Each structure stands twice: as C-alpha cells, then as structure tokens.
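Structures for review follow.
In the two assemblies presented below, chain A is common to both, partnered first by chain B and then by chain C.
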Partner chain A sequence: MEIYVDLGRCICCHACEVACEREHGEPKISVGSVRDRASVPVSCHQCEVAPCAHVCPSGALSMGDMVSFDGSKCTRCGFCLLACPFGAIDADLTSMIQKCDLCPGREVPACVLTCPTEALIFGYREDATRELRRRAAKRIAQSYAAAVGRDRA
Partner chain B sequence: MINSELSPVRLLVVDEEKCIGCRACSNLWAEISSALTFSDKGPQRTIKFPRTFEEFEARIAESLAEACPTGAISVALADERQKEESFTLTFQLVRCRRCRTPFATVEEVKYVIDRLPEDLRSQSSAVSWMELCPSCRRSAEREAAARDLIVVRSGSRR
Partner chain C sequence: MVDESLVPTVCPYCALGCGFYIKLGKDKTGIEYMLDHPTNEGALCPKGNATLEILSHPDRLRFPLKKTEGGWVRISWEEALAKVAEEIKKTIRNHGPNALGFLGSAKCTNEENYLFQKMARILGSKNVDSCARRCHSPTIPALNRAFGSACMTNPISDLANSDCIFAIGSNFAENHPIVARWVLRAKDRGAFVIVADPRLTPTAWLSDLHLQIKLGTDVALLNGMMNVIVGEGLENRKFIDKRTVGFEELAERLKGYTPEKVSEITGVSPSSIVEAARTYAKSASSAILYSMGITQHSHGTNNVSACADLALICGQLGRSGAGLYPLRGQNNVQGACDMGVLADFYPGSRSVNDVEAIHFIEEAWGAGPLPVGMGMTAETMPVAAGDGDLRFLYVMGEDVINSDSSSSRGRRELENLDFMVVQDIFMTDTAEMADLVLPAAAWAEKEGSFTSSERRVQWIDRAVPPPGEARSDLWAILELANRLGLDFDYSGPEEVLAEIGRIVPSYAGISRERAEARGGVIWPCPFLDHPGTPILHQEEFSAPEGRARIVPVDYLPPAEESSLDYPLLLTTGRVVLHYNAGSMTRRSFSLMKRAPELFVEVNPDDADRWSIVDGDLVEVNTRRSRAWARAHVTTRQETGVLFMPFHFPETNRLTSDVIDPEARIPEFKVAACRIGKMKGV
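Entry: the complex of A and B
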C-alpha cells in the first residue's frame, strides 16, 4: 500500500502537512510548488526495493508490505537520509528520523483523509490507477458533454 | 570503597581508517552527544572524541561500540589516565551538485553507494541522486513529477 497523488488536483494548500503534524507531531509529507504552475506532495514511496532499508546498519528500517521503521533500533547515523532518492526522509538527527508510516492506527492515513481535493489516494497500485483512470474518463466525458452543449445552443 | 588508583580507566579508541564520520555515535544518547563534539564548518566535518571516559558506565561504552556501523569504535582499558583529554578526526564533505551545500562526508557517500541495492548500482547513471543533497532531491523529484502538468497548463494559458 502506498499514497498516490493525482497531481492535477493538488492545490498546494498544505492541509496534508497539517494533518500529518497533528497525527505525528512532525509532518512526514511536504508539499511544494513547481514554477507556480503545479504542486507536488512528497512523502515516503514505500519502495519495494528500498535504498534506505538496504543501507540501514541497525535494522531499524525494514522492507515488507511497506517500509517500516522501528525507532528503538535507530542509531540516527543518517544513512537512510543519504540513500533516499526522493529526499523523503526528514531528520533533525538530534531528535529522530521522520518517515511516513501510513498511519498504522488508522484505516486511511490522516493526510489522505484530510486532502480537500482528493488529490491523495491510498491503496495498492491497481486501486490507485483504476481511480486515476476513472477520473480521467470523467474529465473527457464532461468536456465532450460541454462541447456538445455548446453546439446545440 | 573502590580504590581509584586500582580501578582501570576506560579509553575510547577510534580506528581512523574505519570511521566514516557519520553521526551514529554522537546521536546515540544525550550523555554521549554532550561528550562528543560534532561540527560541520564549510566543506569540513570535525568530530572531537573524549579519550578517557571513566565517567561513563561500561554498558554505555559497549553500546557506543555496538552502534558504530563500521566497527571503528572500541573500548580499551588502561591503568592510568591519558595525557590527552580528547582527539579529533576531520572529514571532507561532499557538496551538493545543485545548491553547493556540503551535505555528507566523502566516506559516508561511498559507504551508502556500496550498500545500495545491486540492480541500482549496476547502472552507473542510476545512482546520480547521490550527488544531490536530500532537499535538492526532493525538488528534483517535484520537478520531474510536475513536468507534464506544467507543459499542459502553460499551453492552455496562451
């Protein structure tokens, strides 16, 4: 399971960050705008072959259905931070590693639940692509219907 | 009562060849963090270790050695205090290709690349992200993800 993003819907409102911070004390997702034309939330991709878990010397990070983090084993060496290709691991190394844990106590992560435009989608890859395809089809249908409406008027 | 003249002194020994300048030892516990001085200045990282640490419990000393990912730290016993109170190791830092901020030691980067998944390492271009600092990687990830969307949105404004 992973958090997928429908980029066209993200409005850079930072609600996901706030929701995450309320849940965990620190935000583990971050949104930023790109050239004022788009915005992209970035959090842990839960890689199947995770560089962070490969370099973790203490076994605090491990791969499974997701990339899990066990804070009690962490030495805060910072290798996971260096290994992550997406810069998705945050750390003030004097406190603790911050990495998305998909909100284990919840059915749906807080950020996904909060996102006002439903830009965040939680599920397996197939679920997410099905939803994205459904949305794309709807957009096409709507613009077609609008075009037909204009012709009739 | 313990006779202080007879009780052995614990010496911190760090193998300079093995130490890669990561933060595992200095971040482990508050007691240790305050005893080790860790600083990044310009393109150089220095870590100042205390030589003698009789004030630490044996358990902490062992954990320190255990936490070191490269096995560079060990604890030796000596009969008397050493003259030097501390010793310092220095490391060159790698600068981010994009923002030029120093972000990790040369040895840390090498250590991490050597331990990345096999199929990533086998393609020479595949670990190019290692030249960027974590915050620039995030920006690069954003830009790559938004590229198509920006083209579409720029077009519709014409």
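Entry: the complex of A and C
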C-alpha cells in the first residue's frame, strides 16, 4: 500500500507536514507550491523497483511489501538522497535519514487522515486509481445530468 | 490500551468547530483524529495539528503579575482580585460606571462570555464589546435587517449538496481549510465554483471561474450580477412574491449596473459577470460564502446586504445546498455574539435600545436598572481612553493592540487609562501595557461550551490541568463578582449554561449532556427534545411578518485611493499557517518554522518599477506608519496591489482607521501605500 495524490485537491495547507512532524519528530512528507499557482505533496512512493534500495550499500533500505528502512544499518552515506527521483528522502547527514514509513501502528497514515481536502489517498494501486477514476467519472456524469435537466445524485 | 486515554475536544483556532481527541499517554500527550465528527470527519488543518504546542509552551502565564517600576512582580490571586475590585469601585465612584470598559473574547466559552457581560452590565456599564467587532460586525445589522437572524444559514457539510458555490471575499482554502473538503465534494458532484477575490489564492485554484475584482468593488459586482439576473428574468418570482419585501426598489436601483459599467469598476470582463450571474441563478441550489473580504470595508454593511439580496432574489435560501455562509473567524465568535458581548446587543440578540427586552433581562437577573443604549465598541474604547472618558479597561483574552487598525495610535490612547487588567494565556503586547495580568487556562484546560460558525454548540471537558496558578476565566469572573458584591452563585459552567437557556431562546433546549454528544446541537434548539435546526429560514424568516427584506445598496469606492505619494494599494488577509494576531501561532514551533516572518506580496511589474527582487527586505509606508517586511514577488495580485498578512504586529500599524458608519468596523482591506527597499540593507 502507498500514498497517492489527487493533485487538483491540494490547497498547499501543509497539514500533512505538521501532522507527520508531530508523529515522527521530523516531517517525512513535504508540500511545495509552484509559482503560487498549484501545489504538490511529495513523500515516498514505495517504488516497486526502488532506486534508493538499489544503491544502498549497507542494506538499510530494502524492498518488500514496502520500501523499509532500518536505521541500525544506515551508514549515512547519502546515496539514497541522490537516487530518489522524487527527493522524498531527506537527511541532515549528522542525523538519521528521513523517509516515510507509512506510520506503523496506524491503519491509515496521519497525513492521510488529516488532509482537509482528501487529496491524499492511502491504499493499493488499484484502489487509489479506482478512487481517482470514480471522482472524475462522477464529476463528468453529474455535470452531464444537470446539463440535460436531470437531478444530480 | 490501558495506559492511554482519549479526551474529545474542539479545535481552539477558527470557527469551524472541528473535533479531535487529546491523547493522554503515560509520558506523552498527543492528538488523535476524530473520524466520526460531522464537520471535519477527522481532518485537521496545520493549526489544528499544532494545537498542543500552545498548551505546553514555556511562555504561558503562570501567576498573576503586577506592574511595578522595577518590572513585573508575581502576586497572589487574592491580592490581584482585590486590586481589580478596588479599581472598579474607585472608577464607578469617581467617574460613574460608563468609565468602565469590558472586552470579552471570542476564544472563551459561552459561559465565560455570558457572565462577563452580565457582570459589566449589572455594574451599570454599557461598554461591553469583543473582537467580533473586527470581523463580522457588518454581518449582524445587515443580516438581521434582511433575514431577522445574523448567522450562517446552513451547516458546512451541506455545501457538498450545492450545485453552484460562490465565494466572495473568502480565502477559505487557507482560513477555513475544512470548508474546501465540502466544496470539493460538491465539485465531485459537478458543482460549479465561482471565486471573487482580488488575489489568486489557493481558494481560487479550486474555482471554475475566478473573478479577479479590484479592491473594494464587491457591491458593484453583486449589483452587476443582479442586473443580469433581473434583466434576463432569472429571478425567482415565486420566492420573491411569497417570502420577501422590497424587490421593486432593488430592481429600480440595479438599472445603472450594466455588465459594461460594472466591468469598468471591477476590472472583470462583462462576459464573466454574465456567466457568474446565470450560473448562480440557474443552478438548482447555490450557496454564497463570504468572509473578511466582504466585511472589513468602510461599506462592509452594504457589502453584506448585497450578498443577502443576491441570495434572496434567486430564492437560494432555506433548503439544502443553498444558503448564505458568513464564515466566522474564532472558535467562539458566534457564541460571544449570542451571549451579548457586543455594545449593541444583550444576550439573545436583544437590542440595547429595546427597553422591553432589557426589562425581561432585569427580571431574570433580579438586577437593575440595566443600562440602555449603545455602548463603546472595541474601536471606540481606545479613543475614549485617549479622551479621558474611559478610565478602566478589563480585557479577557484578546490582543487588542495587534488586532486594531492604526495600532500605534491605539497604543498611545490606552496608555491614558487609569487602570487596565488583562486576562490571557500569554504576555501579549496588550498584556504588556496592563497594570495587572491574570493567567488564564487555555481551552483544553477548562470545561464549557463553544458555538461554531455553523451554530453548533459543543461542550468540552478539561483534558489537562492549566500551568502554574493559571485559572479558567469563569473562575476569575466569579471570584471578582463576589468581591464586587454581585450575587453570582454558580456551582459550575453547566449551571451557567442552564441560565443561558432561560435567557437566550435558541439555547433553551441545550443542556451540557446534549452539547457533550458527538457534534453537539445546532441552535435554534427551543426545547429539550428539539433536534436542533441545521437549516434556517425553511418556512419563514425571523424578520417581521416572516418575510425577508431586500435592501438595495449602491457601490461606494473604498475610503482611501492611491495618490502620487502613495501610489499602491495595500490589502491584508491571512495565511494558512497563522491565526489572527498571532499570539498563539507565532509561539508554535512547527508553524513558525514554515512561515517565520512578515512578508509582502508584490506583483513583478511593481517589483521592477521599485527595483525590488524576491527576498529583499522592504519598507511599506502608509499615511499612518511604516513596516518592514520580506518581499515575495508573485503574480497572485494584479499590478498596483500589495498584500500583507496581519498575523505580525507591524501590519496593523499600516491599516486604515476609516470605519463603516453602521457596524463601525475599520477598513482593514484597503490602504494607500508605497513600497521601497529598506535603506542601508
């Protein structure tokens, strides 16, 4: 399972960051605004073929159900920072690597629960894409219904 | 788990009344999301997520403090309360009760506000007001006149049922982020979203049509839309005939507001005005959201009237998906107004000029005669202090200095007071000016009820103890009242709520038990088994004869225009990571780190013209004062307009003090200004 984003819903409120920081001490998700026109939350995408795990020389990052991180093996070499295509791994190299762990101990990660606009979706790929399709289809179908004089559901 | 308990609470920031749990662990206090809360379904904005940082903050006031020549000195509650009581008595003796001023707080509970105004009025002072004056005071006269009731007509979640949502002067995505959840649900149903705002805000990102109007031209836009609606016969005749009065006069007045003429005033194209008008009028159910962009003007009351007129002529009221939503700012601003912490109203929206209503309250309180007539407002109290008419000021939970327009003048005036006592959780700039400071308990450290913007009354219990000797405002008021010889005999806040139910008809059926249930009760709740009233005005309005009044208004330009010396216009507003005067959010580590300093948004053309680049420290000057800020070059506003958030004290030194003649709210939203690089930097 991983965290998906419905980009059109992000309002750049940073609630996910603040929630993550409270739960973990450091934020492992971040929201960036692009020229004050749109914003994007970025966190670990749990890649199926994860560049960070591939380049990790110590085995601290490994691929299984999710890309997991074992701090006791980390040498802070920083290769993962360079390898991640999303910049989702961060570290002040004197401290520990910061990477989303999907909030172990919670059914749904804190960032997803707190998102005011339901821009963050947690689930399997099929669930998340189905939800995005459902939202898009509903939008189109209901506008059509209204346009031809039927009631919206 | 055994070693953890969850205490339900309501967010202390904005007025949406979002619920969450405070998680008390063995060695750590945390937040847990309340998935079954009807307003927020567990979601919280960044401020909601950071609330605990306030409770445990090292700056919290822990002891009563007295100002001496050598600085602040800790004193006992006994000494502090005796001193306040003595000063009140002295002022009454020497200058009469109307030399006393009382500023209540939209952050305190209903019970605290109720007792605060009761104390003030029994002492004989008319001067009771609150910070509601600075946000929605125009809403109160305008909607009372229109509908007979001045509050949000439908619940927030009902926005999901709208087919057209028209937000004017509201940046809800930043200031009420949970509203965006329901607006997006409506969009999922194909709703059309119109946002009228001089800035391209994150709220405007969500719109299908953004009307980027010039500052303060809202009435022109609204009249223009109504001109199109009436011109094309899109008004709801049945609704107008059956449920309103005054349409003919409005129709006559609208004639001059053609889309072309309005386009010249507002800067919005005629076709956009027509599209907005048609979509709003034709949609099966349309809702209007508005906020400070409408109210904080020298013609704020007119702005609100125009919003109400638009809803009325289209019949977009009194049913699900429709409605008028004044989005309120503070967690209990609705409650503070209901409790009569306003210079123009006794509890239950009873006018201070209504002698019969005041007589009812005299009987109920067993006190009197109570003062009749308008008292000093939050805006006029400092002026009166400067003139020597106000001698004593009691401020409960408000940073007056930083909330006021032209704040440097206000500071000088308040220095003229004989005595000022401030009750707060932090040493705010206002508290710094006081003679005595009383440490207050924060929201989660006490119990009582709060009324959200959607009229939802929710009771919260104490989750954690207050720091040091900090006490609830309720306790402090009761102790003080005793020392003043008032008969305030209450065993606790639930007994106060029971009295409120006897005085304020819409709270009659609200007990502690009902308000404590998940989601509380939405007033009007006139008797105990009444389910509450989420949607107002379904059958009739509360105005005379049950009919709403359409009040035609004309466009008036903002009080300040740009000039040779001040060629730009400054507007103010909020950002998502901060809250009001900032005494809480500026002490919150996780919020400050993301929004650390005052900034000013400058359009790239203006930046070029005054040789400013992004990140420069700049000086902004208005006719009143100057402020330094970090320049943020952005195309969010059009050329000629600057934006500054008012969470940092410098901003309100700049703002205009021209007030709306009826609601007496200052025009925070428009001030002529100039900008330049800071010298020597």
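Here is the rule we go by: the second predicted complex is superposed on the first by the 145 of 153 C-alpha atoms of A that agree within 3 Å, B and C clash if a C-alpha of one lies under 4 Å from a C-alpha of the other, contacts with A are read in each partner's own complex, and residues count from 1 in each chain.
Operating definition for what follows: a contact is a pair of C-beta atoms (placed from the backbone, for glycine too) under 8 Å apart; a residue touches a chain by one contact, two chains touch by 3 or more.
What you see is a predicted model; the values in this text were computed from it and never measured.
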Fit-or-clash call for chain B and chain C when the two complexes are aligned on chain A: fit
Contacts of A:Cys115 with chain B and chain C, given as first, second, both or neither: second
Touched partner set for A:Pro57, first chain B, second chain C, both or neither: first
Touched partner set for A:Arg37, first chain B, second chain C, both or neither: both
First, second, both or neither for A:Val148, with chain B first and chain C second: neither
Apex chain A: angle to the C-alpha centres of chain B and chain C, given in degrees as a multiple of 10: 120
Which of chain B and chain C A:His14 touches, first, second, both or neither: second
Touching partner for A:Arg76 - first (chain B), second (chain C), both, neither: first
Touching partner for A:Arg139 - first (chain B), second (chain C), both, neither: second
Shortest CA-CA distance between chain B and chain C [superposed frame, angstrom]: 6
Footprint overlap on chain A, comparing chain B with chain C: 35, 37-39
Residues of chain A defined as touching chain C within the complex: 9, 11-15, 17-19, 21-23, 35-39, 110, 113-118, 135, 138-146, 151-153
In the complex with chain A, residue positions of chain B that touch it: 22-24, 27-28, 33, 67, 69, 103-104, 108-109, 111-112, 115-117, 119-120, 129-130, 132-139, 141-143, 145-146, 149-150, 153-154
Contact set on chain A toward chain B in their complex: 5, 7-8, 30, 32, 34-35, 37-40, 42, 49, 51, 54-55, 57-58, 75-79, 81-89, 93-94
Interfacial residue positions of chain C with respect to chain A in the complex: 30-31, 33, 35, 40, 42-46, 48-50, 52, 163, 173-174, 177-178, 180-181, 184, 187-190, 200, 202-203, 205-206, 283-284, 576-577, 590-591, 594, 634-636
